[in-house]
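Take a look at the structures below.
The two complexes that follow have chain A in common; it is paired with chain B in the first and with chain C in the second.
Up next, the complex of A and B:
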């Protein structure tokens, strides 16, 4: 018979095909940027080191060994040497990755989420809501994060959580302003009008329809914010208003050993270098993402 | 025939505050075939601007029955889109203000419904098709998801059911290989195909009324007819009504049952297509028709554009808003605003002091 059997539509046909052409495309462009790939590789290595810290290190980062003080790098098992009370610097630096990444990611995630929520409300709803949120933002803009941290430390005591909260509080409004600007522009687009004409509610329009279109600068910001938060944590710890010893913060290590810079530069060099490399890696990734996500910069 | 258009005259009883007795009554030149869906009476919309109040829509009335195609014709700024957005509750308030009138949708006044109730109507009972399908579709979502979303919201379909229906709808609007194309992004479609996707979204919940706001203006001429054909065949399929907003009288002639011509926010002529085209009773309509290229006649007929340009809504001329551009204008036109009134048959109305004279001339030709 000449009848062509009509294939009933199976679920397999409806499953999204190798999903997200957009992200595949972005990844392709990202890969072409050598610095960005190097940055990503560094972060992957750091994450692995942080996870495997107990396996890699031979000494407790907090242990004081008076028998082996002031050892230079590569003395036996003490690859990075020891400080003047016998801490193993290698252990301190490796465990320091955990602190830095924890601060970096938590601060970036929470300040981004908060910023997106307030920026979206502000930009889309406008009017009184916008005015109220923006005045709060203006207020925070005028307070340096160091002062804010000092105040917070006064309230909840010095420590890792105070640092993280302080950095989130002093970081969210940057995202809020970026997101608000995008929303102000995007809400005038016809697809928003079309979504309203289809009877969609405000929250759905804001977060399901507009936000995906505004995500690009947010992703870039969030990546750069990780590096920024790591740097800020180091600075706060250096100034003795950050994490408490013996928590192995790189900034704290630099601060504790800054008097020995002349005689034993490695004590500052290793944690300082760790800060430098980590922050640089995130900046590379952020720049790479910015280029890869922006269609105008793709060629 | 004539009487059938009058059977909804009751809706207009005493609803207009200022118009003459004729202008407020319903029956906007409809065929009157189906159930009365929408009855708009004396709609008035203005915008508050820094320079003062700007009146964008000034006393528009019309009825839409199931199965009807009503064309609203006018130049940009004539208030046709603003009227529709006002009915849909989509005008930003402020600056927009609805100064008066009512819009009964199956008996309920759209203009006084709460936002939440309007949300339930939009996309489900009344839907809209926009001019530029590329900017009206969300660039970051697949079309299948966008079409499916309407039904997930209004009909509670699951993701999978919605996607299935989306495939069927794409097929219905004539998109080849719908089960593949459902996964494509809007930018992967051509202009005409995108407008078909928009139509699919608009009809997904089988609305009673589809408002098409210049649905073919952004499309290639060759594609325009196809898209309109799809729209019309689907109208029959889902048994809905269509309000077609356009500035193209050529499009109207073939598709619409009745026509409402607007100028500077005011309705100037209303009637069936035949009445408005062949017994034209307003000089503006006459001008629009004369500026239309014609294939009949002898092919040498000259195009006669309307002189001047539409007035700014900030400075609408006194009297008849069209008088500065009207070749028949008399002194009375400068001073007195002509209300929309009966011309010949029961449904044919025009807002011109000399409507009868014009119409008689047209009928003789």
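Up next, the complex of A and C:
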């Protein structure tokens, strides 16, 4: 995919001589995967909806209109109906895209960057650094994900930024493991020895020579991590320890309306369905990228 | 095998110590007064705060507190709920039963349905059925478990009641029900009706993962030399697939399931909450808004221990099933 920032110039050429061709090839394979394209289209639509949210919604997502409570879907301007205190559910769900995508992208980006840095240091330097970083990773992995995030949120507090920080802290070490494994393999290869022989510094070798070759699993992981972070934020908000109302988190909406399941199931299934569609789109894209990036899976 | 076992247990103790240290410092050493956290309100009165601080030894130097914490873990004293003064050990004993029963049936579902689906998908690769499995496993992994749970409640709890669906589909969707069991795990009487929906909900994501991994590894071993050898020996297709293919393909699946035992029993937070199942997970979830940190911390310690044992068992099974691991040889990257 052309939007992936790989250094095409300078000494990166030494590392990956045919970057351009590689990414063009990857895009070609990605495009052939129908589900992946559907996923990408869904995300594009969601991004557009998120940007245009003020234009396409008629009501403030936080506004309470006691005159129009408990309206069924498609009643007048309230396309998704209203909840029991008069929130416009359509506005809540549309603005919810912003929350979910923000959490998803920020968490995926920062946990990936942290994981890449620690994984690269660990894999390339080896020895004591490797042992230290990997033991810390093991310790984090020994704590079940939901326990760790709950503990972190408990300490950091509630709110959107607290959730984002907690999810970054509980997400980086999986990437670190993946990156370390690639670095361990790659650092023995000829192009790295060549770079070393040319007298390049360690950091330069790590991040400009080895990293571009280790990116494929990282990109796949990061894509899936976006969906994972969206699910995690929604779960925390569902458990009433995520974002604070009236921030329109889909998980929070499901939690707030689950008591109305019998009378107004749409209040649960519109936000619930929004989580499902968004996460599914990232799963499709991630799977598509995995197949497209792995030469062994190309047929 | 024995030396491998000893090595692994020593590693495990080190990791456990680290994990518990992380949890300790998260709860007790970061900015913010733990006494306030334990009292559950920022505007707690100072006298109560002082009492709590003394009771929990919060005025001691942090290293003394840490030592006491580790001492309590070693003697398995999980503390006392700050809300109702019950011992967390008792809370654990009560909730663990419900969680074990639910987790057991979720694992059964995961094993049977997950592996069967994966094999079907691999044997019929690129067929319509395989494509359907691929899409639906992706879909299941994208549904939040609590939304799936609510969907089941709507389908089997609400709709048959409202006449939208036949009434024989009606299932209870709240709580554990009569709580009658035979040989600990087998539901008797009406019990199964309360068990089935939470078990399937809890199993959903792992079942999808098991199906996908079984499919992938089946397709991988399909290309292995020993499969060609088995066919060349003239074995029939069933013998080749089950006796040679499946046995090797299931190694990573078995490991995955062993790890899952820890997750499914200990941290079924969302499923147990949605179905009001009185297990460890829903108890943790209930303690969170109450800010009953003693319960959250105590149950978390128990869950981390359980999780560690599950991981150890998974590793040992891997080593037992795949001699290359325990002999310290290099295992081919999957």
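We take it that the second predicted complex is superposed on the first by the 275 of 299 C-alpha atoms of A that agree within 3 Å, B and C clash if a C-alpha of one lies under 4 Å from a C-alpha of the other, contacts with A are read in each partner's own complex, and residues count from 1 in each chain.
In the analysis below, contacts are C-beta pairs under 8 Å (C-beta built on N, C-alpha and C of every residue); 3 or more make two chains touch, one makes a residue touch a chain.
Note that the structure is predicted; figures quoted are calculated from it, not measured.
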Partner touching more residues of chain A, whether chain B or chain C: C
Partner chain in contact with A:189 - chain B first, chain C second, else both or neither: first
Touched partner set for A:231, first chain B, second chain C, both or neither: second
Which superposed partner A:128 touches (first chain B, second chain C, both, neither): neither
Chain B versus chain C as contact partner of A:55, first or second or both or neither: neither
Chain B versus chain C as contact partner of A:136, first or second or both or neither: second
First, second, both or neither for A:199, with chain B first and chain C second: first
Contacts on chain A seen with chain B and repeated with chain C across the two complexes: none
Complex contact set, residues of chain A against chain B: 9, 11, 13-14, 16-17, 21-22, 189-191, 193-201, 204, 209, 212-213
Residues of chain A defined as touching chain C within the complex: 35, 135-136, 138-140, 142-147, 150-152, 154-155, 181, 227, 231, 234-235, 238-241, 251, 254, 258, 261-262, 265, 268-269, 272-273, 275-277, 279-280, 283-284, 287
Complex interface listing, chain C residues touching chain A: 14-16, 18-19, 21-23, 26-27, 30, 32, 37, 135, 138-139, 141-144, 146-147, 150-151, 153-154, 157-158, 161-162, 262-263, 266-267, 269-270, 273-274, 284-285, 288-289, 291, 293, 296, 300, 303-304, 307-308, 311, 333
Touching residues (chain side chain B, partner chain A) in the complex: 88, 90, 118-124, 127-128, 130-132, 135-142, 149-150, 153-154, 160, 163-164, 167, 179-180, 182-183, 185, 198, 201
